[in-house]
Each structure stands twice: as C-alpha cells, then as structure tokens.
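Per-chain numbering from 1; labels A, B, C and D assigned in written order.
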Amino acid sequence: MMSRARITTEPIEPQALLAGVGDPSRGAVILFLGVVRNHNDGHGVEGIRYDAYDEMARGTLEEILVEAEERYGVGHLAAVHRVGELGIGEVSVAIAVSSAHRAEAFDASRYVIEEIKVRLPVWKKERFEDGTSEWVAGKQPEVSAEGGA
Amino acid sequence: MMSRARITTEPIEPQALLAGVGDPSRGAVILFLGVVRNHNDGHGVEGIRYDAYDEMARGTLEEILVEAEERYGVGHLAAVHRVGELGIGEVSVAIAVSSAHRAEAFDASRYVIEEIKVRLPVWKKERFEDGTSEWVAGKQPEVSAEGGA
Amino acid sequence: MKVRALFFASYREIMGGAEFDVDLPDGATVSDLITLLRGRSDAASVLPSDPAVAVNRSYRTSDALLADGDEVAVIPPVAGG
Amino acid sequence: MKVRALFFASYREIMGGAEFDVDLPDGATVSDLITLLRGRSDAASVLPSDPAVAVNRSYRTSDALLADGDEVAVIPPVAGG
C-alpha cells in the first residue's frame, strides 16, 4: 500500500489521493491542491523548482497528519508534496481528508497546509519570465526545546 | 459551456468540476465532496433519495456562488448537487473553488456548503437497513423581508 | 386571481399531491394562501402555519402579496448537501 | 567526534556544497557547529548565526548537544506548499 505521506518527483494524481481516503462512514471529503501559478508579488513566473530534505520531509509530513487526526478527530488523511521542476498549472501539493462531518474536515485540511508551510523542509526557486531565478523567501521553522517544530 | 451551478440526476464527476475552475493565476484549489454515508444518528443507512425544487434550486445555487465570490474575492467557483436515488459512497454535492490564495479558498468553500445546507431547496429521504425510510429533518430557511433567504 | 401552489418532500405527502391551482381574492398574501391550504383536509392541517415559502422561485415572507399566475412553493425545512 | 552537516537550497549555494563532514570536540552543541561552519569561508559567514537545525531529521534548538555520527541539517526558511 502506498504511504499516506509522500514526497515525490512524479506528477500528483488527485483522484488517486481522493480514492485513498474514501470510506463508507465518511460523509465529507476535502481535497486541497496547491498549484504553480503564473505570478508572484507582481513577477511573471515561468516555473518553480522544488527541493526537499527528502529523508526528513516524509517523516515531518506524517507527523503533521497524525497531529491533524488527533486535534480534529478525523479518520483519513493523505498528503503528497512534489519536488523537482514544475510548470505553471502543475500541482505541487495535495491534501485529502475524509471525515464523518464537514467542520473537522475543513479544520484538518487547513491545519495540514498551514503546518506544511511553516515546517516541512521544502524550498522553491522561481524561474521568472526575464530568465532570472530566485529562492522564494520562506518561513523560519519554530523549534521548541523538546524537539519537533 | 456547462453552467457552473447545476442540479443533476447524473453521477457527479469531481475531476471535471476541478478542471472547470483551473486557471494559471490561481494557486489554491479546494474540492469539497458530500458523500452518502452508511449511518446517521445511529441508524444504518442503505441509500438516500434526494429531491429538489429544480427550477428554483439552480438559481439559488448560482446566487450562493455569486455571494461567495463577492465576500471572499475568489475568482472561480462551481457547484453541483445531485438528485435521485443515491447509494452509499456516492457523491451528493461537489463544490470546487480556485483562488490566488488559500485562506479565501477555504472560506469560500465553507460558505457555499453552509449556505446550501440552510437554503438550497433540496430534501433527502434515508432508506434504512430495516426497510423503513424517512425524510431527514432539515433547516427552516431564514427569509428576510427584502426577499431572498 | 389564481395561483399555483407547489409541494415537495414531506409536504407533498401531507397534501397528497405535488401542485394545486388555488383561487384567492385580490390582495391575498402568502399567509392567506397557507391558511386556505391548511383547511383543505385533516391531513393538510399538519402543514405549519408559517412555513418557508418561495414566490416565483424566490423566498418571500408570509406578508408578501400574491398576484395572479404566481408560482408559490411551500418549502419544507431543507436538507441538501 | 565527527558529524555530517547537510545544506539545502540557498544555504547549499552559500556553502558551495550539499554536505560536509565536520570534526567537533566532545560536548559540542548545534550552536558550536554553526559557529564553526560560518568561519569556513567569507561566503559561509552569510549563514545566519541561529538558523533552524534538524539533528537526525528532527528539529532541535541551538543548545542541543551533538553526538558522533549525527546528521545535522541546516534548514533555510521553508517554502513548501
């Protein structure tokens, strides 16, 4: 069985992720997709390269899913982050959640993407239309004394 | 072109709905699915029949999408509600939103499903495992004096 | 004047039909129509006295005036999604 | 003792490499390693003095003690999603 927390160089297939969280007892399903867009802060973007600390990122993503389950009591989550060269319109991250009720499905989905943004060891470099490229300014992970972010 | 607010007797194809809201300037996409589940309030459910006031429901759904766009400034929304006999695991409602940023995509998606629940003229009758069936207790639409709910 | 009253879901079962043409005096309101409908039969008296109503496919309050040819839907509590 | 320092994204460009083996005295902390790394070259001095750091794939504070064989990743501000 495919792991529910993945870092991949392959194109993300949202339909497969959705199928993975399906369950007859779950009435609400939410799929969140992050998509490479053609602009950022007024610059025309041609594509993005995502790099990850692969060996750590998979574990961190799994941790985030476990936290979302525990906080919101949702049963089924799956998430995948793509790395490598991505073009405009390609999916960089996908999160699928299913739950008996919609409120916690929304909360869990939101939690996962917010945590990804502040602690998943992934970086991106934008390629602009003028031929230049630049690492996107990110978020400094907050590290607590007990370990973990 | 298919209308973005639909009431249909045909199975819902989430992928098609998603494709309909795609746009190179949108970085966040959210798909919400309501799925027929196998229990409700402790009863085993075998299926649900959805009825709608079709001629009104399409207009009400369109109104809800316009409101979500105006409130949250999101560009692309589409929603479809299915009617007729549905089995466990079938999709009863699907909402797709795309937006430049994720916060308003979440808010818009949530707004649409909450409004559907309180004003879309749709009803459902659950078929239980014991052979009985029952209209599900719903929400009384709040009607303001200016018209509209 | 004449209006067309529409019923759905549980109200359709209560009323024993999906639609009825109803004669009303000029100046009648949504509330007047509901009163008349509830008096139609013993079963019909189960209809709430102030249900949600849509006139020509928009929700309207009970004091809304009706006009000849209006389509008046009596809307049970909704349960979509 | 010896630890392996890993660099990613902009820090990899600053350091001119993805990983280095670094000799440290026993009792050295994450902070000691960063000080040593920043002194490696003029370019390396651009590294922040208190970056996020993961030891053996978990985030750790700058006062965390290191042990022989640790994998210490210096993590630039993250930008996933």
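The rule is simple: contacts are C-beta pairs under 8 Å (C-beta built on N, C-alpha and C of every residue); 3 or more make two chains touch, one makes a residue touch a chain.
These numbers were taken from a predicted model, which means no experiment stands behind them.
Visitor: From the centre of chain A, which chain's CA centre is farthest?
Guide: Comparing chain centres, C lies farthest from chain A.
Visitor: Rounded to a whole Å, what is the gap between the Cα centroids of chain A and chain B?
Guide: Those two chain centres are 25 Å apart.
Visitor: Which integer distance in Å separates the CA centroid of chain B from that of chain D?
Guide: Here the centre of chain D sits 50 Å away from the centre of chain B.
Visitor: Would you please write down the residue numbers of chain B that are in contact with two or more other chains?
Guide: 34, 113
Visitor: Considering every pair of chains, which are in touch?
Guide: A-B, A-D, B-C
Visitor: If we count contacts the way the header does, which residues on chain A are in touch with chain D in the complex?
Guide: 34, 50-53, 55-57, 59, 81, 92-93, 113, 116-125, 135-141, 143-145, 147-149
Visitor: Per the contact definition, I'd like the list of chain D residues that touch chain A in the complex.
Guide: 6, 8-10, 51-54, 57-61, 64, 73, 75-81
Visitor: For a test of understanding, state which residues of chain A touch chain B in their complex under the given definition.
Guide: Contact set of chain A toward chain B: 14-15, 18, 22, 24-39, 88-89, 98, 100, 102, 106, 109-110, 113.
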